[in-house]
Amino acid sequence: MKALVYRGPGKSALEERPKPEPTASTDAVVRITKTTICGTDLHILKGDVRSCAPGRILGHEGVGVVDSIGAAVTSFRPGDHVIVSCISSCGKCEYCRRGMYSHCVNGGWILGNTIDGTQAEYVRIPFADTSLYHVPAGTEEEALVMLSDILPTGFECGVLNGKVQPGSTVAIVGAGPIGLAVLLTAQFYSPAEIIMIDLDDNRLEVAKLFGATTVINNQNGGAVDTIMKMTSNRGVDTAIEAVGVPASFVTCEDIVAPGGTIANIGVHGVKADLHLERLWNRNITIATRLVDTATTPMLLKTVVAHKVDPGRLITHRFKLSEITAAYETFGHAAKTKALKVIIEACSDTS
Amino acid sequence: MKALVYRGPGKSALEERPKPEPTASTDAVVRITKTTICGTDLHILKGDVRSCAPGRILGHEGVGVVDSIGAAVTSFRPGDHVIVSCISSCGKCEYCRRGMYSHCVNGGWILGNTIDGTQAEYVRIPFADTSLYHVPAGTEEEALVMLSDILPTGFECGVLNGKVQPGSTVAIVGAGPIGLAVLLTAQFYSPAEIIMIDLDDNRLEVAKLFGATTVINNQNGGAVDTIMKMTSNRGVDTAIEAVGVPASFVTCEDIVAPGGTIANIGVHGVKADLHLERLWNRNITIATRLVDTATTPMLLKTVVAHKVDPGRLITHRFKLSEITAAYETFGHAAKTKALKVIIEACSDTS
Amino acid sequence: MKALVYRGPGKSALEERPKPEPTASTDAVVRITKTTICGTDLHILKGDVRSCAPGRILGHEGVGVVDSIGAAVTSFRPGDHVIVSCISSCGKCEYCRRGMYSHCVNGGWILGNTIDGTQAEYVRIPFADTSLYHVPAGTEEEALVMLSDILPTGFECGVLNGKVQPGSTVAIVGAGPIGLAVLLTAQFYSPAEIIMIDLDDNRLEVAKLFGATTVINNQNGGAVDTIMKMTSNRGVDTAIEAVGVPASFVTCEDIVAPGGTIANIGVHGVKADLHLERLWNRNITIATRLVDTATTPMLLKTVVAHKVDPGRLITHRFKLSEITAAYETFGHAAKTKALKVIIEACSDTS
Amino acid sequence: MKALVYRGPGKSALEERPKPEPTASTDAVVRITKTTICGTDLHILKGDVRSCAPGRILGHEGVGVVDSIGAAVTSFRPGDHVIVSCISSCGKCEYCRRGMYSHCVNGGWILGNTIDGTQAEYVRIPFADTSLYHVPAGTEEEALVMLSDILPTGFECGVLNGKVQPGSTVAIVGAGPIGLAVLLTAQFYSPAEIIMIDLDDNRLEVAKLFGATTVINNQNGGAVDTIMKMTSNRGVDTAIEAVGVPASFVTCEDIVAPGGTIANIGVHGVKADLHLERLWNRNITIATRLVDTATTPMLLKTVVAHKVDPGRLITHRFKLSEITAAYETFGHAAKTKALKVIIEACSDTS
């Protein structure tokens, strides 16, 4: 089969690899129909993710069709149309029993990291019963690719950890795909204001279309002042970091109201300053989280009920044979205006 | 009346001052029978608290007897035996209505800060109906002085914000009076382990008597390693910062388990490093809080029911005329082994 | 001034009464511009509410302008445009401090019950600082009359107590004004399904317009079967009783899913059967509540942000001089299709 | 092997049955060292539990040693010392993923009900990885038999559902084994008062020893009056039904304070009166629950840390050959003063 293989910092190649088979009785093999690229994949290609060794097939998102199953799999059969979760969950360990699948001691984020991933025609999924989800009847396949990672990430790490409430004021720092996924799912809770901050006018334009009530281009650094003025110097109830650099985290510290919450989503490479000299008496909460995908069933219900359309995040479409071009497009988003790119792996879903 | 007056950095004096009267209709004047000294008072004396101007009577803790009331006070009468809350709460503003009295826009921490305080024979208490508490029958007056500030601070900022649970593992960094108040009130929730970390063997000895299951003297810096070994490299469910310096906050970052909570109580003068490069994907929560004293009624019930004896925090007793000696004793706690010192202001409670 | 006075079972009259004055220092007198009629007012007229004695001015809802204030009122001044809360909250008692204003030991539901109410040109409001709300700039006055009672009742007793969640399935038994208020505010949380059950086709038609995903006329009693079929025999996550009779409560018992919640809003005159022989092992929660109006500030923000338009509940408008006709219209809702009726008391808001 | 077999209403016999083997790959067979009898077993013997057919081996509690495992079991090996949960949880279904194992669509309460149980030398346990727990080093085996059912039932259905808090007032109606398990675990949260109500002086005597602050013998029906007097006519924060008859549930309705909680544990055979005409406006919560055993890991930690000694519930000990006598003793508790009886099945734990 064809698969995109990581070949060390800066290098990857679409190669021919053997089709995987179930190795454990709890495995399933899924024929990938559609996959996508995550910002994390770019980090791997830069060599930033040490756990991912050269030779690894990339990708942790996708929708497809079950091809074969191990003897202990009971919830899926060959032919079932499924969503692959970016998090593999054994369902048995202490963390899984607490709903904290991200820290599954037997799984977690392993796809396209420590085991082969989804940017291929087939992928082996461990703990299939607790790591795959049935595609609901009548839903659009490519929109559901967003359920693998980006939508639960925005919802769990941003919206739930940020405690978004009816009537509340929310600021999202970063209008990339993940910030926009927060924006889409924050609206489940009817906040009064959603302020979007970025450096890219195009992304802010998209944010407006997606429901932001205010957008701020912070090129010249005035975002904190603007927000404090807007809120009568009180700050926002929820500040969500969706970039992954110290400056944007500190922006969140600067704009959070007393009693408010900072939810961090960004993948950080270095430490940030925590201004406890200002925050120690502000009654704030800071929350970090690797997505657990524990809310995938809930999110699927909202998609079926048309409460959110995650397909709005998709800007470009490619074939698997064009995956190098897909990475180019996704990697130069400022120029290409790419948000999420769909890669069609196997065309036939039957 | 006699009162301890702040006279600028490093200076204070026991002076004669006019007895206060109710100025607003919601005021009460309380004759102080017993008061105490807080670490914050030492900060003021060092000149670290800019909001507190020279000429201010110090102190924000105390028990006493209502001397006179304004026309609008309905819950207290002259002669009532009362606890003074360190937080003045108007009961009307948005923050008070949310139970976040610390941020009352008309009050908050003002006693012994922006208005005259309790280290005096009399004190004027604004918003008396919502800032005083009746002394329950059959309780010990001096133990209740701990209800003004230190017990609710330990409980709200440490135990509640730290989400202490039956069977959980708790580490408290700092075995000073506030860390010990956390230790006492954490036991309301029956955690399996309470690990106490300090540099002072005497305080750790006290911690053992108060219920710590493990004590660690971190003089040589091995606390993090010890705790990680104790917890099979998992870390603690709750890490509580009760010192107020960057190093102890970072210790909390180092020992918190995935899914765990860091509760900050310490008053910080400078920023700390937040190691987001390690914590972004650990599903942790960090909480800060200035005490709201919203749990004072609950704490009073636990005292009445003998679930906690806050009087155990008291090590020394002085007369108001000896308050300079009381500050000396409290300010050199390593030598004097002082925890909380009681200062008797007016002897007669009738 | 003109006022509608209760004169014993079945009797009321628009009478001339002296204009009220502040009697306590925490009182305000409000000139009512718009008021409305509640189902509870009909109960009073039937003689069902013993606490309400003949001679009482009716009404507990309204918007108006502050006319005069007592000496201790600090948050409002004459001329302020205000919403009257149906619940008077002293802000000081144990229940008020817990946010449970409905059980205020000095207030609670007293307006138009144990003290004179709002169906008059003027009304005296006790505890004005904690029982009135400022009308936000740019909002529609008559829509805000819904904030006095019906919107917070639907939201607090139905939606919050019912734990409505994104993607969840909600059934509302009763499509009268209160059921429709639940319907409007349930959508703050983006449930997947909102099923409305009633006996009146007109109300169900309105429910559809207001966002119900399914409406069921239960004239022939098939509602339970229909819902169980719709939910694959699982039942609904949230069942809300908005009628106040045993049969509709039992319907909720019949349709609630394992792990689900029944929220009772209805005012019940007799007991209901609780089928513990079926429910003891179903992990369900039942919640009752008299509205606290603790969420009024939150609801005001959602109105300002156009997340809900409570004005949609208004079907008829009258002058105070026509209030008898207003009661006729409201009291024969099946015929008149009335939901909420607005009564203009004083026309000038300046 | 020897096993106690249900033979229809009123009949059971200790019979020779074939030793079970794992039938599914997720099964384990456990050699039972100690088991016990539950009130539910008496219900089965009366013929009240229709799902349990004649021929069934009884019992759903026990501790033992893993004898053999299916191919897919990964967390346990032959020779492991284990606690059997009364609830079998597949770990995969919607309910299991929500922590609501009691409603597992593939399991739930099946042991000694729809499949053979633990009152035997060996038992087959489905979904072993998610239905067994390792016996912690240094714990007493017979005390851990209480972890199969009674301790989590008291804790989850009574204490957690009842929202017991520091300083709160709790009433437990029924001082049988389950009420006493509530009493033991309620103390994890340091309530101020725990009032125990029963008709049997011996049990109330035990309740006092176990930590009840007040005991009331309700033979003459004065319990409600006594409690209302004790609480200044306010009622209790938490009322827990631990009997399973309408009268004791109504007692809970009579004594619950505004804002309070009724937690039902009792297995009810008939409906109860829910006095909504008094409760609709009292802001109360009623919760029912079949134990999920989701807190077993937490409870094990409290046992290891000596925060609770469930062995205190054990009053009598028998051999498996004497199980008929054990049933006699347990079934006539008023006379024998039995709480929980331990039955030793296989003596050797090696």
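Order as written gives the chain letters A, B, C and D; numbering starts at 1 within each chain.
The criterion applied here is as follows: a residue touches a chain if its C-beta (ideal position, glycine included) is under 8 Å from a C-beta of that chain, and two chains touch if they have at least 3 such contacts.
Since this is a predicted model, take the numbers as computed values, not measurements.
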item: Numbering shared by both copies at the chain C-chain B contact, with half separating same from different; value: same
item: Between the pairs C-D and A-D, the one where more C-beta pairs touch; value: C-D
item: Between chain D and chain A, distance of the C-alpha-averaged centres to the nearest whole Å; value: 42
item: Interface hub residues of chain B, defined as touching at least two other chains; value: 297
item: For the chain A and chain D complex, residues of the former touching the latter; value: 25-26, 71-72, 74-75, 91-92, 94, 96-97, 99, 129-130, 294, 297
item: Residues of chain D touching chain B in the complex; value: 165-168, 187-193, 213, 297-302, 304-305, 307-308
item: Contact footprint of chain A on chain B as seen in their complex; value: 95, 98, 100, 102-103, 244, 246, 249, 258-259, 264, 266-277, 279-290, 292
